Structures are given as C-alpha cells and as structure tokens.
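Right after this note come the structures.
Shared chain: chain A. Partners: chain B in the first complex, chain C in the second.
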Partner chain A sequence: MRILLVDDEGELVSTLAERLSFRGIDADWVTSGEEALKKAETETYDLAVLDVKMPRISGIQLKGMLEVKYPDMKFIFMTGHGSEDDFRAGSSKAYYLVKPINIEALVSKINEVLKD
Partner chain B sequence: MRILEKVIPKFLRDDNNELDKDRLNFRRLWRLSVLLTAVVSLVPLVFMTLLHYHLAQQYLESESYNHTYRFVSNTWRYVASFLDERKTVLELFAHQYSFEELNNQGQLEAIFDNVKKRLGGIRDIGVINSSGIQTNYVGPYKLKGINYSNQEWFKKVLKHNSYISDVFLGFRNAPHMVIACKFDQPDNSFFVFRVTLDLEQINRMLNQLEMAGSTCTSLVNHKGMLQTTCRHHPEVLKKMSYPVPKFATESQVIEGKDPKGRPVLIGYRYIPGTPFILMIVEQKGAILSTWHKSQIQLVAFLVGSVTLIVLVILGVATYLVNRIYVADRERVSSLHKVEYSNRLASIGRLAAGVAHEVNNPLAIINEKAGLIKDMFTYKKMYSEDTKLIGLIDSIISSVERCGTITKRLLGFARHMEVSIRSINVREVLEEVLGFLEKEAEYRSIKVSLNVPDDIPEFESDRGKVQQIFLNLVNNAFAAMEDGGSLDITVKRKDEDFISATVTDTGCGIKEADIKRIFEPFFSTKTKKGGTGLGLSITCGLIQEIGGKINVQSEVGKGTTFIITLPLKFDKERK
Partner chain C sequence: MSYQWDILGEEGLQFFGKMSASISHEIKNVLAVVNENAGLIQDLIYMHEKGMPIDPEQLKSVSQMITKQVKRADTIMKNMSKFAHSTDQLIKTESVSVNDILDVVTNLANRFADMREITLEKIPFDEPIKIKTNPFFLENLIWLCFDFAMDATGPERTVRLLAKEIDNSAQITFSQLGSLPVMPLETFHGKRVEALLSALQGDITVDTQAGTLSISLPV
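On to the complex of A and B.
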C-alpha cells in the first residue's frame, strides 16, 4: 500500500508521512499539485490524501487530473474549512478530514477507503 | 393620557431615543410648515379683510355725508316751496279781490275755506288796513279789530312789502308764524293781507320726513331759536343745542357733537327771504349701525375662518410631517438592520479568516506533537516516562480544544449566509450557548437547556434561527446579575409548531415598556450602549421565518420570551 500526501504546508505533510510510517503505512509527500502529478508518473499509488485549498492546482482539480490518469486511485481530502458533514453534503463519494487531523482517524479512514 | 398620545404625534412627544437631531429636525420642519402655511394663507385673508373694512368705512362715511346732503336739499326745497306756495296764493287773492271785497266776511270765509281745502297749511286769515287795524278776520281766535301797528312783523311788512315771520306768541299768546303782504290801493292807501301758517302741519310735515332712529329735522331762526319741534326738541322757541351754522347759499354738511358728546352730522341750509335755517342732525353712530352690524359679522367670519384655517393647517402639517417621520424611522431602521447584518457578516468573514489561518499552524503543532509522541511510543525510548507522554498529550488536547473553537467559528460564519436547510434546534442552541459558555462560567450563571427527543429536525434559515437565539440569550445575560440562571426549554406545541421559551432571572421589564420593546429604537439600555434594535431585529427575523414572539415579565423577578417556530418553511417567504 503506497500513499501520496499532498499539502502546500511542507512541515505538516512531511510530519504526517513520518507518523504514518510509524504505523506501517508507506507514504510519500509533495507540496504542490504539479509535484504530485510528476510523482504519480514515477510511482504507483493506491491512495492520495489531498489538501483542498492549495495554490495554482487545488485539491479538487488535482483529484480530477489524477483520476483520469489513474482510475483506480482513491482519494481522501483534508481541509481547514468547516466540518466533514458540510462537505459530505456537497459530494458523496470523496472522504474528508478536517484539520487538525487526528492521526488515528486518518489511519482508519485510509483503511476504510482502501477496503471500498 | 391615551387621548393625549393619540392627538399629539409621536415625533412631538417622543423623547426616548438616540436620534435627537432627527427628532428636533422634525419638530422644526413641523413648526416651519405650520408657520409658512399660516403666513401664506392668513396674511392675504387678514389684509383683504382690513382693506375691505377700511374701504367700506370710507364708502359708508361718504355715503352718509351725501345722504345727509341730499336729505337737506330735498327737505329745503319742500319747506321753501311750502312757504312760497302760500305767499303766492296770498298775493293772488289780494290782486283778485279789492280791499272792500276782502272786508266782506262771507268773501273772506270763502277764500279761507278754498285755500284750506285745496292747499291747507293755514290757521287763519286776516285783512289789516293802513292804520294797522285788522278789519276782517277768519280763524279760531277773536282777533277782529286788533291793532297791529306796533307789532314788529307789521313794521317789517311796511318796510319790505312782504314778510314771513319767525315764530312768535303775539296777541293770541300761542306760537305761530305769519306770511303778510302789503298791497297798494288806487287812493294811495294800502292794506295788508295776512295768513297764519299751521305750525302743527309744518311740524307734522318735517317729522314725517325724519328717518327712523335718531334724525332730528327742524327749522331754527338766525338766533338759533327752534321754530318747529323734533324728536329731540319737543318745544318751540327754545335754544337749539347746536350753534347757529355759518351762512351759506348751498346745502352744507358739517361734523359736530351732540350734548352727550356723540358724533353727529349736521346738515343745514338757509331759506332765502325767510328768517329760517333748515337743520337736520343725524347721529353718526345710528347711520353706521348697520355697517357696524355687518362689520361684527365680518369679524366673526374672519375669526371663524382663521380658526378653521389654523386647525386645518395644524392637522395637515401634523399628518404630513408624521408620515415623513414614520417613513424616515422605517428607513433608518432598515438601514440599521442592513448595517447590523453586514456587521455580522463581516465578523463572520473575519472569524472564518482567522480560524483558517490559525488552523494550519495548529495542524502543524498537532502533527509535530503527534510525531514526538509516536517517536517515543514506537521507539520505546521514553515510553516509560509518563510525565513526558503526559506533556505531549496535554499539547495535543490543547490543540484539539483550539480546533473545536476554530471549527465553531467557521461554522458560525458559514451560517451567516442565507440558506434553507434542515436544522436541529438542539445543535443550534448548543452552538449559541457555546459562545457564551465562558462568560456564564465567569459570572456563575447557571444555564440549562431542555430539548426533548421528540423535537424533529425542521427546515428553516439556520443563520436566522441562530441569530434569534443569540440575541435573546445575549439580552438575558445583559439583564441578569452574576449568579443568575437561564433556562431554555423547547417543546412540541402541535403538529406544525414548536415553542422555545428563554427564561432569565434578570431585572424584568416594566409593564408600560412591554408593549414597546419590539419597537425600533426603544431601549432601556441607551446609556449602556444599547441601540434599541436587538429585539426589533429579532422580532423581524422571527416574522421572516414565519414564527411569533411573546413576552412575559415581572420587574425584579425575570423575563420569559416565548418563540413559536413553524416546522414547515413557507417557500414563498424565501
């Protein structure tokens, strides 16, 4: 299981990757949409955890781009806005986590997504 | 008091708001419109009335002057012609008959009867010879044989050939006047033919000419002695109350005063060939009395008109200014509502911005602390050090607390936008109370929330419901002293409505104020910075989502607001 973490906050995303590795999840991280697209060309990922609000390419746009190239890839969104319920109301398929993220909630969500 | 409130418009009596300048402006506007309208409408009316009064007075005075003048001229002509006719008749008979024939008793009686019947106005008739002896006489007195040679009138006849006397007593010792003419005989002697005029008939004639009221028409001689009577001078040969007027050949009218000092118009004319002056005295007040009556009616009409105009001006100005005032208040109230909503939206946006910006560093702190914990936990280096793990857990729990606050702020900001959605009233109330949690804790205010499980979720504008409760809870907190208690209870009222009661143990509202608390700008907290719009806006919001609000309050014990909200949202309202 390989996971790609994308967030413009490098400090956050790098730490998150490290914490996931402690839990046996192999995660790469990048800080922009462009880097994510490049990274996805060189590696195969089962799941991408994307920040919704990023400069230039937003998380939603990035999901669209990756979905076209890698239809099997799963996605989880992270957001600093509002509650998960609000985002669920807007879209039913994607999974959302609200920052600050509880690591255990992230792990359980990853497992949940990959089981789907 | 209530009648007074109905009569006096609100902008004149309302002294309980912060818009002092506006209120004063409306009073000034009212005063100005009343004053200007009154001046524009009353000045021409009063001016025209005074002008009319002045012109009418002038016209009537001139008319009364002319009237007296005409009256004098006509009466003069009448009296002069009366005297002249009798003198002419006397001359006619003297020429027709000889002295001898006139001394015939039967002949003289025939002449007397003829004149009396056809002309009238004579009392007796007599023939006097050149020695002054009355040789023949027809009349009521025994005057035949009387010697007139020493009488004044006889001497005047001899001197002037004809003479009309003024009134004297004579041998009959009764006031009378005579017309006498001297006629020469062929034998160089002469005789005097004389008639005595009927003074009663002259008096009657003049009195008949007197107009109703206070006119006095009489003949006076050149010494001012009365020759005839009038209503103010019942006796002849008495001195007239007015001085003898200056000689004039034409009719004259002069102003004077009667013995009582009242103004009079004196018309007079000298009758040539006689010792008489015709004098007509008219009371000026009596002449102008009709005019005075009409002037009183005019003044009464003016006073009535002015009163009516002033009342109409007051009514119309008050009505119009009050309408403008009400419209202005509504405008200001709407502006305040918009400003209030904008302010809330700005606060929401600011809160969302701050929350978002704080969220990222919080997330980093969260992850870093989590990593440290992971490192220590997974690498078992410090897993036994409970203090260190405790410290890290403390950091993580603090971050979670901050996260809860930022989530709440973001949620609040989002709900400011108008959106109809299914809402859970318990969640809304918990969110509202969450903002005041710390204040309640600091002030030892006990807050209890009772929402039974049978309250369904319902469609409404979440932002408005949130604002309604936030305003009511804020008001309750402001009304309470430290240590009070706030109770919010929601109940299912019927199939279509729920009710929420917000009860505080605050200072309460006076009975007189209860009716006014939902009015815009009514506030009992003006000195504490209240705008008087909170409850007005709350009431407006409740009406917008189809609900109702009631209030019960007791001074010193507390206040309960009861809100009824519909479970189905009327889409037309949206």
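On to the complex of A and C.
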C-alpha cells in the first residue's frame, strides 16, 4: 500500500507521513496540487489524502485531475470545516476526515477505502 | 432602522462571519499540526517502551514545531481580538489609528490572498494617521476594497497598500491593479460600498490608467 498526502500545511503532512510509517503505511507527502501531479507521474499510489482548501488547485479539483489519469486511485479528503456535520451537510463525498485528525481514524478510513 | 442601516447591518454581519470562518479554519490547521506532533511524541514513547531508543534531537524538533504553532495561534488570536473589539462602539465614532486598522485587515486578508496566490504589500507610513471614525465600518470598507483589488491585480500578483495624510484627509491607496481597465466597476461600487462611504463620510476614486483605487476619509 502506497499513499500520497497533499496539504499546504507541510508540518502537518510530514508528521502524518512519519506516524503512518510507524503503522506500516508507506506515505509520501507534498504541499501543493502541482507537486502532487508531478509526484503521481513518477510513483504509483493506491490512495491520495487531500486537503480540501489549498491555493491554486483545491483538493476537489486535484481529485478530478488525478482520477482522469489514474482511474484506480482512491481518495480521502481532509477538511478544516467546523465539524463533521457541517462537512456532511455541504458535500456528498463519502470519505473525509475533519482536522485535527485522529490517526487511528485515518488508518481505519484508509483500510475502508481500499477495500471499497 | 433606516434602509442604509439595514445594508450596513447585513454587510457587517457577512463580513464578520467571513472573517470568523477564515480565522477558525486557520486555527483548525494550527491544532491539526499540534495534534500530529503530540501524537508523534506518544508514538515515540510507545516505541521506546517496546525497546526502541528515543532520539533527543527528534524530541527537540517536535517541541520546536509545537512552540512555533503556539506562536502562530497567538498571533492569529491577538489579531482576532483587535478585530472583535472594533465592534465595541458601533454608533459612536472614536479616534483610531489608520495604521492599526490597516494592520488588522491586512492580517485578516492575508489568508485569502494566499489562497489566490497574491502578495499584500503594506508600505510603511512616515507618520501615524489618526482619524475619528467607526473602526468596524472602516475595516469592512477596506476589506471590500482588498477583495476587489485582489481580483484586479496585474501579472505581478501583488496588491500594494499605502496610507498617507493629504489636505486634511486620510488617503488609503491600493495600487498595482493592472486589470482595472477590464474590471466591472459597477459590481464593486454598489449599495454596500455606498452605505459604508456614507457612514464614514468618505469617498472612493478609481484611476484605471494608473491602476489605483483610493479611499479618502476626513481627518
């Protein structure tokens, strides 16, 4: 399993990647949509975890771009929305996590998405 | 309440809500980083209990990252506090520093600018400018100008901000607006801006050739 973490908060995704590695999940991280597109050209990812709000290319736009090129890639969104209920009300996306993220919830969501 | 106050009330609430949402989003990001670093310490302790040595340098780096985020949150909250207190005296006007007001709004606008990949450049003032005005209305007007100026910026992607006192008026100028000639000015200069200008007894001039938008307020 190889995943790509994308968030403009570099200190968040770098720490998240390290914590996922302790749990046996191989994760790369980048801080923009452009870097994610470049990275996906050289590496194969099963899943991408995307921040919803990022400069230039938003997480939603990035998902659209990545799934055209890599139809098998799965996605989880991270959001800074106030609460899970707010996000649920504003989006039909099935896979999302609200910041601050619980690492065990992320691991469980990753497993759930990859089984789907 | 008059029609003008209805507009000011509605616009003011929207402005306050938009800024509060932006601040809460930024604080969520700070909390997310702190949360991951606290979690990383827990992971390291857990692994240490299983026999893996702890690297003091890594702990130092985690601690520094948390301290940095705490400072970031403190700066955000100090600005939010100044912003929130600008509503303390909505009717009565008071003597306020234009410099301070511009600092508050520039700090609030910076996150929106980052999302649009625009730099906000505030040119330091020679002399502090004090005016008697309603601080919240002025912040609201400056924000609307910022929002418009960010859409009107040229290829440099920079909005330059300068305040100075000229002939008994305080002038706040947004420059580097290279796209002004193609901007629909009527959508900006609508009821909201008119109501704020009327409440502040101010005026706005737009120079499409020079790429500038200026607010004038009585000193």
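The rule we apply is simple: the second predicted complex is superposed on the first by the 103 of 116 C-alpha atoms of A that agree within 3 Å, B and C clash if a C-alpha of one lies under 4 Å from a C-alpha of the other, contacts with A are read in each partner's own complex, and residues count from 1 in each chain.
The rule is short, and it goes like this: a contact is a pair of C-beta atoms (placed from the backbone, for glycine too) under 8 Å apart; a residue touches a chain by one contact, two chains touch by 3 or more.
Computed from a prediction, not measured in an experiment: that's the story for all the values here.
With the two structures aligned on chain A, chain B clashes with chain C. In the superposed pair of complexes, A:P55 makes contact with chain C only, with no contact to chain B. Of the two partner chains, neither chain B nor chain C is touched by A:P71. Once the two complexes are laid over each other on the shared chain, residue contacts for A:G24 go to neither chain B nor chain C.
Of the stretches 367-375, 403-411 or 529-537 listed for chain B, only 367-375 runs into chain C once the two complexes are overlaid on chain A. Common to the chain B and chain C interfaces on chain A are residues 9, 11-12, 15-16, 18-19, 22, 80-82, 99-101, 103.
Taken in their complex, chain A has these residues touching chain B: 9, 11-12, 15-16, 18-19, 22, 80-83, 86, 98-103. Interface of chain C with chain A (complex): residues 24-26, 28-29, 31-37, 39-40, 43, 47, 65, 69, 114-117. Within the complex, the chain B residues that touch chain A are 352, 355-356, 359-360, 362-368, 370-371, 374-375, 378, 399-400, 402-403, 407, 410-411, 414.
Against chain C, the residues of chain A that register as touching in their complex are 9, 11-12, 15-16, 18-19, 22, 53, 55-56, 80-82, 99-101, 103.
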